[in-house]
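Each structure below appears as structure tokens.
Next, two complexes with chain A in common: one pairs it with chain B, the other with chain C.
Moving on, here comes the complex of A and B:
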């Protein structure tokens, strides 16, 4: 019998006729069990109470919570990039992407699409409607949602709108560093610039401190933009290299592009590292250095510059012909083409080639940037190409390549390897030329700025040395008259023997202006642009002005003020 | 009797218990007021929407409570029998025409009100099984035991069909408590516990959402903070951030992120905004009410009161325990309301009815003044027969 085995074996409860007694004993059992039950309840609620005390006050049990993800603790897949003063120039923030699954929509697609296009201004509603009609099951709405956009989309309450965690690479200064930093693709992989060149380091969370200076970059960009406007130039670019460390302080190439947006091919092109250009008369500096280094010439060696030189059907003339022989330094200062060839003839073609190779002008240089152009030079090193090379035609370099070579020659002859990453100690290299030759070069270049073609690059208070170059643009194998690329290369410092920074500034096809008396040579555009850049960046780079340089310039600050004052007085 | 119906009722009920219920209801109003505006805002309703509805449901619940507590024990049994029959029919109707929400079919739309019939089925079923236990106890007629078993299997079957595992477990446990009081031998307790474990194992193996919950409970580290473990993590954070005194009414943030902040997870809002103090007070109120009920039944010495009353008290207390326990991570998460505090029409009314039955069962047949008080709580000795109390 079930009940026999079911109930507690109590002999009294088994007899139906026991009446009140049986009731009493069973009650006794029930009472005992109610006590046990109450105890159990008490224990359970005691445990509950203790758990509550623990959670709220004691915190004994460490509830393993994953740390809250905030902007401070957020670890993105790409490390940030800083300028030389540790100012943030590229960073990654979390951002959601949104997608649409039309078949999961609760509301009519038209209604939802209308609401979405109000939230996302760049959303192409027509395209989306067409895709839905085509029966697409998945449509990207936006790959980069702002938090407020995401919030608004969430509040639509549509199960058909999905969100995906993603990241957004941010360049706080927009296009300012566009070419140097480069870009990432939609999967956050670097595709150009430092983003590509240093992709592995950036992805392995290595903090990147570049050699770039935000302030200089901004100043140079502004000056170049003004120059493009003023001279109606096609493009412009400039580089600043710190001479002792070889760091690239600034690299601007215009036109630029806005990161993350579609850019033209010209906009994406980094003129400083990828483009190769004929530098024109600047090459005469190399020619002079070569002659001095060969030991076959010194500053007052005289050369016959009275007659044009005929090579085949070409006749090489000078812009300002002279009827007497010129010394080496005069050839440089007057920028004589004939003189340059005479110098080469005294040294020899093979020596020229060897010297170009020796100072590294024939090998392409590498930096952290993946965009690297190669130098172009004649395959057969012979006349007449090697003649034109002396005054900067028939050979072309990337601006960064050329600038770092000139930098080496200007800083005492020590080879220099440019870098886009911060270096804290001076960089030394093998001597390419003798320090004495370097000193002569500095003097010559200083004189070009003081009394030669680069006078407009002068800035009161600073010792500036430089050389201008104007090269006709080569189009379809012919040099186009009137279309030129003008450049200025030079250094700035507070002592002539200790230049601190090198600047290379170039303008592509600047137009002759009334202001420049119809000229478009470098002295009329590249030189003044360089002067403006020097003026802007010298205080930022901490170059100390010297009274000696102020005196030389005939227009020191103290002298300017009374003159201006007088002029206004007389007008009034 | 010269007293009016109400004053007679007032003099014969356990007023301490009644006040406790009122306090619990007040806490409920407070917490629903704190939690629901955020929830209402989420689904585009006015901030006062749930508060107003909660107040209305509470009024109806108190009306039910008082009405049911006026019933004599004999009428209560008949009422429960009828109620059981009706609610079982409604649960079957729910299975056929109910609304499916989050994979479960528990709600039946009745003229704008979504009724969860199973909330009513639980107390009625326990009353019936308790009465059948008492009948067997008195008559030793095995048919009562058979009827008892059939009733239980039927009720559990209906709950499983929804499926509502929380309520199934709750009803099983409360029936087990009745069986325990009835005098089941320890050998059979072991067998039943074994069967219960097998049943749980079966549920664990066959129902994926049950498996998920248990797994997450046993391995909290594997929980995805923004995935399956989201609610519990939020809730634990709420208690931790609330501390002793809480952040202050309305200052909490959990209600913005938990969809059930005004219902199943209301206790987390309590912990966050009002701190440990109110949480412990609420816990104490439930315990105090249950203690008053159990002591009263203990004293009554009547098997009907003991089986029916204890079963129902356990139902009330266990539901509170499961809700609070899962909110603080003591037991696996179970979707269950905090009785008389959580928002929810069916839950409030069914609880009002449960409490009404309990207050009715503990009514004294002589007014308070003439009674001998025991232990300072106004406990009384009835000593008479169950049905002749009034």
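Moving on, here comes the complex of A and C:
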């Protein structure tokens, strides 16, 4: 067949009008073309074939698949938040939401609503029935379903019940970090605390490691809760700052709130950063430092503290009047109001304002938290308001602001910016006061704990320096007798010249008790609370106890280690 | 000759078909496997994420303290149970520099008298203290 077809003149090439030579030529040309074309196709198919054989038989495993499927891991819309030891304190988890489309229900809406309200305890059945009557076509049943609730709703077999994938922010420690972390709204947007302050970073999946310590937070919360119960106080708050880095290790404000649940306004209020309080006698520390820095006073400079000071119709007196002059350090130790005013008179009002501005007490501080209050101070800096400022009245600060200023003064005078995020290296700043003045302040405050009003803050084995403050509560422009805010501010460390952490603890309206002999001053409530906090957090923060404390060890175990296994002496 | 060429061509074509068939199904199967793996990776990562949250709830300090108190008769450590041990390490010890003195804080956990196997637990803590001592020496 093939041969026949080849012998038969090709109608395309054979032309009756052409000569035999020309016909042969055109036939030859056609053959050549066919051969070239066949070769090309042959080569092409050969190459493809070889590649196929290569891929399928010889090298299938080496063939790199370009994946259509991308390998993804679960990534919630909001990044988790961790404490300083990388313990999870806020995270987002997938959870379903459920909705109801009444017009798609197979059964009567009343029957279904009853069944749903049995599955979802928080579901408002009456409201849902009303909405259905109003003709609503879409009703949210729950925005946060547990897996078992979802299963039970599915088993109802109702096409009118729909499920939607969503995410929910959860806080494993409940209200423990409520004020610092804040919370998110139903659309997972930060509305308060770090959730709001760092919203952009959290949404861009940036890992947030805070400066907070879970264990310290728990210890302090427990101590403050006990204190509120014991002293029948209205509220309490405390914060701990690491002195070398400025990190806020703990910030507790009570009453607190459980994120995601309804809370009172008082519960949502962050007393540490938003509340502004008169600090009472703690301000005397600033007064003393101001006098020393001015060069117009020394520790042994004497002041007349024998007579009360009259300002208009008011007379400023001391709780423990003395009939002799007091030196600067005695004024601080005895917490003399008269002496503090005398110190100011020797320095001058303008110098006082300049010093307050210099150490940053008159400027609002900024942190990662959006809830930050401003200091309140007299617009006209003049007598008598500047007199009362010396002992902590007529000027108020947020606890975080005041604590960070005292922290700067206690750590050698270097300015410090507090942060709620982890810092790995020490923070340095300009010197606000001379290191020598800072050292004097540390010594004075240590003496207050050893022999002054803050004796109850003492913890065996640790070097604690501090000062107490009691301020009457201001209501409707008048100071209320018997209602006070008491506070303690102080540092802890293993060496006096190297304090490691600063604590500010405050109680709002603690009541006098029989065991406090009817007193409600800070020395009777804030100081022991501070002592209890120091006792609890010192081992957690790894603060080394002083050698004196070694003798107080109850456990004999520790003696075994050096004597049994490491009793060796260096030849050098 | 032409028959041979045709036979060769057909064989080649058959081989080609088989190869294409094999490759196609290999690719399909690999893709299926990949999708499966990707789904598993996603689900596992989601599980890990949830478990991290669960772990945080289960290790709430308050809960741990209650459990330790109930079942192990343990109390919280206070400053009086912590001491600083000053040690002089022998010269021949390669782990430490000659004459180097170092400090080590050893938090110890208080046991009430009712604690069972007091001695064995104490021993355990000594071992732990020693191991941390060695690790400290290496660093």
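Assume the second predicted complex is superposed on the first by the 475 of 572 C-alpha atoms of A that agree within 3 Å, B and C clash if a C-alpha of one lies under 4 Å from a C-alpha of the other, contacts with A are read in each partner's own complex, and residues count from 1 in each chain.
Convention: a contact is a pair of C-beta atoms (placed from the backbone, for glycine too) under 8 Å apart; a residue touches a chain by one contact, two chains touch by 3 or more.
These figures come from a predicted structure and were not determined experimentally.
Student: Mind working out whether A:88 is in touch with chain B, chain C, both or neither, as first, second, both or neither?
Tutor: A:88: touches chain C, not chain B.
Student: Between chain B and chain C, whom does A:55 touch in the aligned arrangement: first, second, both, or neither?
Tutor: Both: A:55 reaches chain B and chain C.
Student: Looking at the overlay, does A:138 come into contact with chain B only (first), chain C only (second), both, or neither?
Tutor: Touch partners of A:138: none, neither chain B nor chain C.
Student: Using the superposition on chain A described above, determine whether A:314 touches chain B (first), chain C (second), both, or neither.
Tutor: It touches nothing on chain B or chain C.
Student: For A:479, select first, second, both or neither according to whether it touches chain B, chain C, the two together, or no partner.
Tutor: Neither partner.
Student: I'd like to know which partner A:460 touches here: chain B for first, chain C for second, both or neither.
Tutor: It touches chain C, and chain B stays clear.
Student: Please indicate which partner A:45 is in contact with in the superposed arrangement: first for chain B, second for chain C, both, or neither.
Tutor: Both partners, chain B and chain C.
Student: Look at the residues of chain A and decide whether chain B or chain C touches more of them.
Tutor: C
Student: For chain A, which residues belong to both interfaces, chain B and chain C?
Tutor: Overlap of chain B and chain C footprints on chain A: residues 2, 45, 48-49, 52-53, 55-57, 65.
Student: Help me check something: in the complex, which residues belonging to chain A touch chain B?
Tutor: Its residues touching chain B are 2-3, 5-10, 13, 16, 23, 26-27, 29-31, 33-34, 37-38, 41-42, 44-45, 47-49, 51-53, 55-57, 59, 63-66.
Student: Can you name the residues of chain C that touch chain A in the complex?
Tutor: Residues in contact with chain A: 2, 12, 15-16, 18-20, 22-23, 26-27, 30-31, 34-35, 37-38, 41-42, 45-46, 48-50, 52-53, 55-57, 59-62, 76-91, 98-99, 103, 105-108, 110, 122, 125-126, 129-130, 133.
Student: Within the complex, which stretch of chain B touches chain A?
Tutor: 136-137, 140, 142, 145, 177, 180-188, 220-221, 225, 233, 236-237, 239-240, 242-244, 271, 275-276, 279-280, 283, 286-287, 290-291, 294, 297-298, 301, 303, 306, 310, 314, 317, 321, 324-325, 328-330
Student: What part of chain A is in contact with chain C in the complex they form?
Tutor: So the residues of chain A touching chain C come out as 2, 45-46, 48-49, 52-53, 55-57, 60, 65, 67-74, 76, 80, 87-89, 91, 93-94, 170, 172-173, 214-215, 218-219, 222, 459-462, 535-536, 538-539, 542, 544-545, 547, 549-550, 552-555, 557-558, 560-562, 565-566, 568-572.
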